[in-house]
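My questions will all concern the structure given below.
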């Protein structure tokens, strides 16, 4: 097992190098000179030149890349062009905000998704199934920034709210100070994931229910309930775990819109802002961190997949 | 990102030639009410995109970009069925004219992503070994790279325009296709007829394009229809970040984003484009699901 | 999460000192975070706003843009090139360091230090020497006679930083850190608020400086919270989560006003929104074409349609209230017939195809749409291209554009800043002259305007430039937008100046 | 040998009919299956792929896929008609009195539970054993089916076992509650011959020891010859011939059965040429109106092609579904079928089987 | 008739790497085929039998270079196929064809029967393009289908008919050797007999040579001239069919033969039931690979690899790889179960 994990970790190295090369070259292809942006309008050529010098932008791109990689290996991602703070500090608290957001959203997604998926599969081709799947499809088809704004309109501003429901009022912005700030963004992000998980669970359940070993269980005289929950569900969850992991990874990198709407100070917004201000070190840093997390989450998914699915030999 | 997780075993059955009877496929597809509704919706939107503008220009005075600031942000009424936007433009008219753009975003980006992804996936699956490892690591890179950032960077490099959004979203979909295609290629490659034509001395080119590609079309089509849904949503997300279609183009994502400013004062401005997006995305999703079910032999008994 | 406040944010009244309007924690929701809290290290408005409340400058401007004493008690022009300042005595920095002429010298030398590359260096580039004459006396020498010097000194980048901080910053640079980072992380000034914490991207908190040398601030603390989405900002205000929001979108004014808990403060601004032409490119090298287009734009329609009337039309680069402004010139007003005939005169009645560039700012895009529609009447087929801001600046500086919509703000309140920046040949490209306008007569006048010391003489010069610019039309001046801020009804004393800067000293919160 | 009277019939299937609803219409997968299973004996059901063997067995246990439905027939077990029992009553029988082994040992075991857990389940369910007792019994059962070091294997997951071992586990599982009837649906088809030999040996031995009655489904006539006492031959959803094992192999009556035996390549004797049956099995959607074998039958007459024959029982209790042996037969009196001659019954003449 | 060598396999090895360890290095090999040699003469049918996984298919695929052999020579009419370039090999593919087990997977479902056949001819440039269609219809008749069915798709045919299409495809390039990899295993007995008869007829008509791969000894006895018995990647016995069935020498062959049920209830015979399962080809047993299951195994068997040899009691051309042929025969060695 350890051997497997180590091997997988080593395999991620080329991927991460690829990611850094990609982000590095993209950033250098993007028009817009960071030195100019730092210097601002009206700065003299000399000032811009000094800044460029300071940022090391005069060197050839391979040299710059080499230096970046060399430092990154030592855990130094440089410092923000815009604020001068070390990129690690910039990422610091925002990272945990995003992880928290992704984590809660995953919980919501799994909770709602599993229940809906199971009910749907067990009662497949009934009204319950159809309506759950229609709702899930809606969840999947809704642009989530729109959904987020609708939630704010209903539950944060909530002019319709009668006095007695006022305690339900949510806060439209921020993160982490109170549950009133957490629920809406988590719902916004989580519902899309719930829709995917529900569909996955349903089809996986249906697939498993058609397997020979389910028939074996029935032939043993086991009741339908036990067939569903003991024999089918455990098998059906295996592919769902994969989806959950990927969802979590997706939430990490894809929370940009939600973070923007709810004024959550996370990684996504940091990256977008950094791209806009050509804050190369920050962009490189965040992309690298997001990719690392993504890769690690995937690794975890594979490991849990293998643990659940004992058929797969770990070595 | 291991092979096991990305190639669900179902693909093997999906292309089981035993099931590949078109007639059976159509019959099953047509029996699936949701898929039929999805298909009809798609047909409806396509018609609306290509005939709608003509009808409007021929029979009415409404124009998508005709502003009327005295009449802005009006709610739905007899003269403006879906109300007007912040320039006093008729939202209904704009939605009709914008359908084409939105479909372009969906179709073209999936087309681009599909072509590249299919080529990568097929080569990867067919040749295996080192080629496979390199291509798949490359796909991992694209996958690990936060998607919206990739799109953002591409749009920043190429400049903002619908075309570039399409390219960005296209590149974004490459890994998804590559993985599906690779998985299917691997299972088709195992089928004996591939060995049979190889034993006849067929070239790799012939095998790939004549014998493998046509037989992995079904998962590609399923993937494409589901991907179109994602592409439209991603496009809308880019519009949200101000990187979508150029004004005054009535692309739905851009319209939704414009409407965002008026969410609370004039909700209809965002509501209708939002609903239209949901509708189209929904249509492609259920249609894709339907096609998948129709292709899946497991579903035939149900 | 960042701050230590929780739900109770809003119901803080006075902190029990007895005086009705004393104390409380003020919360502002702002569009974007500051980039640096070092006055020398940033050039954006969000940074300036925070800096203004921590640092003080030698001179300040009052609401009429008149120069008033700040850290300098008094000043005089010794000769054309030399200014002498008498400093306020008994002022200390937040870290206890004494404020004196040496400290001022350190600050002014630092901002001009080419090694550091301060983005604000250009404001003080004309200074050749700063001399501490005595503990509280100081002389500043400029390279050439430069009358707007006082205006420049009033700018937030002239904020005085504690000498200890400056030294620490230099030491850090020697140790390989980025310039400005030490000061930015821990800004130490003399102002009525002290820096407390900064959670980047999320919130900056300041607390009251109890040892302020003058009359101190009312509230106990201030928090600048970043809320990027304007609708959500408004929601925050309505739901009582924040006291002040900056900015408010024109379309939200009505909603806020009718919420019953807040109202909108309108303040004229000095910023200019303009439609620029690349005058080195055909057909915009022809003033007739430029004037024709300028005539074709219905500024009133833009103002009412897009800005809900929270803006005034621009007749030149300067907004009313800025030194050098005059309305005693010929102006270009909406006149389609005139536009058509001018275009015919230029031989372009057939029209042409061109592009309008703008960045992803909703109002600018909206303007572009209206301009596009107007140009269609002149047979000019303009397509709109929206660029991401970084790329936009880069490519307009490189002259790749045809027409573009952009703004220019004036933090100093003096005509020189805008006129020189936008139209002097020296400033072509990135520095600000993105029209690539170059006219020797204008250049000469602008140079003269800088050097002239007599205000009246300067007013004449700038009026002359304004007339030339109307005739030559390197850009179509569009409008001056008003600043719109949402203020909770519990808050009083909030003001914002024409450059978008606000000082929170007199703000107070009542129950 | 005779079935009648002398033996206890533990299970009797009468005119069983099962249909499946599909997109392309109903499929009559089982259409008139009747046979008797004497206590302690083994009956084989043979037939080509798709002839309805599996569905017959699943119908008896009522384990059909959701689109399947039993439309007609009776299944008497100890005097009760199983088809009239409630689902709950049926569940008490399954795995307890009637148990089943499936064809695919690879997929018929639940991959996420250990072998021991899966065997214990039935014990705990039907015999109210405690978890511990069930576990101990599981080990005994594994020992019984000849798995080496059963105390270790009991903790294995199915994937850790070879195909032969898995099939043994399946057998252990089905034997857990000492069933009266064991239904084995092609239990050895997926296995290699040497392993098949092991499993066949095992089943025979267990049957002798435990006195079970076995329904043995297979398409391999060799396996039938070795294991069964009686055989039901199925073709296109029907039982077309039912007889004791000797009669079937030495004196098959039905042209189909004769053809089947003639087309079987054998390793124990030298054959000049195989005698294939021409044509293909009819598609379930285009069943011939008359005798379902008539399109391929070398002796078919118009009667065969237009009218469905019934299962006729002869004096020995053997049954055949063929016009040749009925009074209605209109063709030749001596019929040559794949090189073998059969005397047809016509105009009241008695069937005389040549030897 | 003078026997003419057509195909000669010498020292053929096919190892499949197992990836693992750091960076997916090869950590081990599946020794699917481990050093086998045999010869096929023109016009005869040679069969390979053995249990699942013993390397039958792999042998066939290696001969055709559908998988590149790890080691060994495959001489076809004296030309070493394993040494040819990919391009040159393509020309030789005309002479060697293959028919597969699965009638559903072995034909491209998107091609009509006619295009399956004409494509084959096109690849090998058999006949001018305009004559191919006619030839395709002829071929269909040859394999017992009707020419009007040429424009149908595979799914419109039954399993047995598809197998005939596969045969027609192989025939379309006029091959000399056809490898039948379990070509009839998936078919029902009644259909299987049709196809076996067809293969025999075609052999006579076109002077074909077959390498017939099967696990069904009944089929093998029916169709073959000579038989190769494989166990775990090795040949354990080669003989003409009479010798093999009537006088098997290797204990494995004997066990195999005795394990097959005979479709005659009266023929109850003594059965040798082997212990345990076939070991894994990844770490095959040392010495004689059969020693783990062999009732006669001694210590010698665990160490020494037996060579194929002809003992005195055996006919010419009959070889078996066992140390104790004589001892078992004489009854000197008794099985210990």
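In order of appearance the chains are A, B, C, D and E, and numbering begins at 1 in each one.
Note that a contact is a pair of C-beta atoms (placed from the backbone, for glycine too) under 8 Å apart; a residue touches a chain by one contact, two chains touch by 3 or more.
Composition by chain, UniProt nomenclature: A, B = Peptide/nickel transport system permease protein; D = Peptide/nickel transport system ATP-binding protein.
Keep in mind that this is a model prediction, so the values were computed, not measured.
Chemist: Which chains are in contact with both chain A and chain E?
Modeler: Neighbours common to chain A and chain E are B, D.
Chemist: From chain C, count the fewest steps through touching chains until chain D is reached.
Modeler: Step count on the best path from chain C to chain D: 2.
Chemist: Could you tell me which chain lies farthest from chain D when each chain's centre is the average position of its Cα atoms?
Modeler: The most distant chain relative to chain D turns out to be C.
Chemist: Round to the nearest whole Å and give the separation of the Cα centres of chain A and chain B.
Modeler: 21
Chemist: In angstrom, rounded to a whole number, how far apart do the mean CA points of chain A and chain D lie?
Modeler: The mean C-alpha positions of chain A and chain D differ by 55 Å.
Chemist: Approximately how many whole Å separate the CA-defined centres of chain B and chain C?
Modeler: That gives a centre separation of 45 Å.
Chemist: Based only on mean CA positions, could you tell me how far chain B sits from chain D in angstrom?
Modeler: Measuring from centre to centre gives 51 Å for this pair.
Chemist: Two or more other chains in contact with one residue: find those residues in chain B.
Modeler: Only 156, 241, 260, 263-264, 301-302 qualify.
Chemist: For chain E, give me the residues that contact two or more of the other chains.
Modeler: Residue numbers touching two or more other chains: 24.
Chemist: Among the residues of chain D, which ones contact at least 2 other chains?
Modeler: Residues 65 of chain D each touch two or more of the other chains.
Chemist: If we count contacts the way the header does, which residues on chain B are in touch with chain E in the complex?
Modeler: Contacts found on chain B: 16-18, 20-21, 133, 191-193, 195-203, 206, 210-211, 214-215.
Chemist: Help me check something: in the complex, which residues belonging to chain D touch chain B?
Modeler: Listed in rising order, the residues of chain D that touch chain B are 20, 22-24, 65-67.
Chemist: Going by the contact rule set out above, which residues of chain A touch chain D in the complex?
Modeler: 210-213, 215-223, 231, 234-235, 308-311
Chemist: Touching chain D in the complex: which residues of chain B?
Modeler: 24, 27-28, 31, 300-302
Chemist: Per the contact definition, I'd like the list of chain A residues that touch chain B in the complex.
Modeler: 8, 14-16, 18-19, 22-23, 26-27, 29-32, 124-125, 137-138, 140-143, 145-146, 149-150, 153, 157, 206-207, 210, 239, 242, 252-254, 256-257, 260, 268, 271-272, 275, 283, 287, 290-291, 294-295, 298, 301-302, 305, 312
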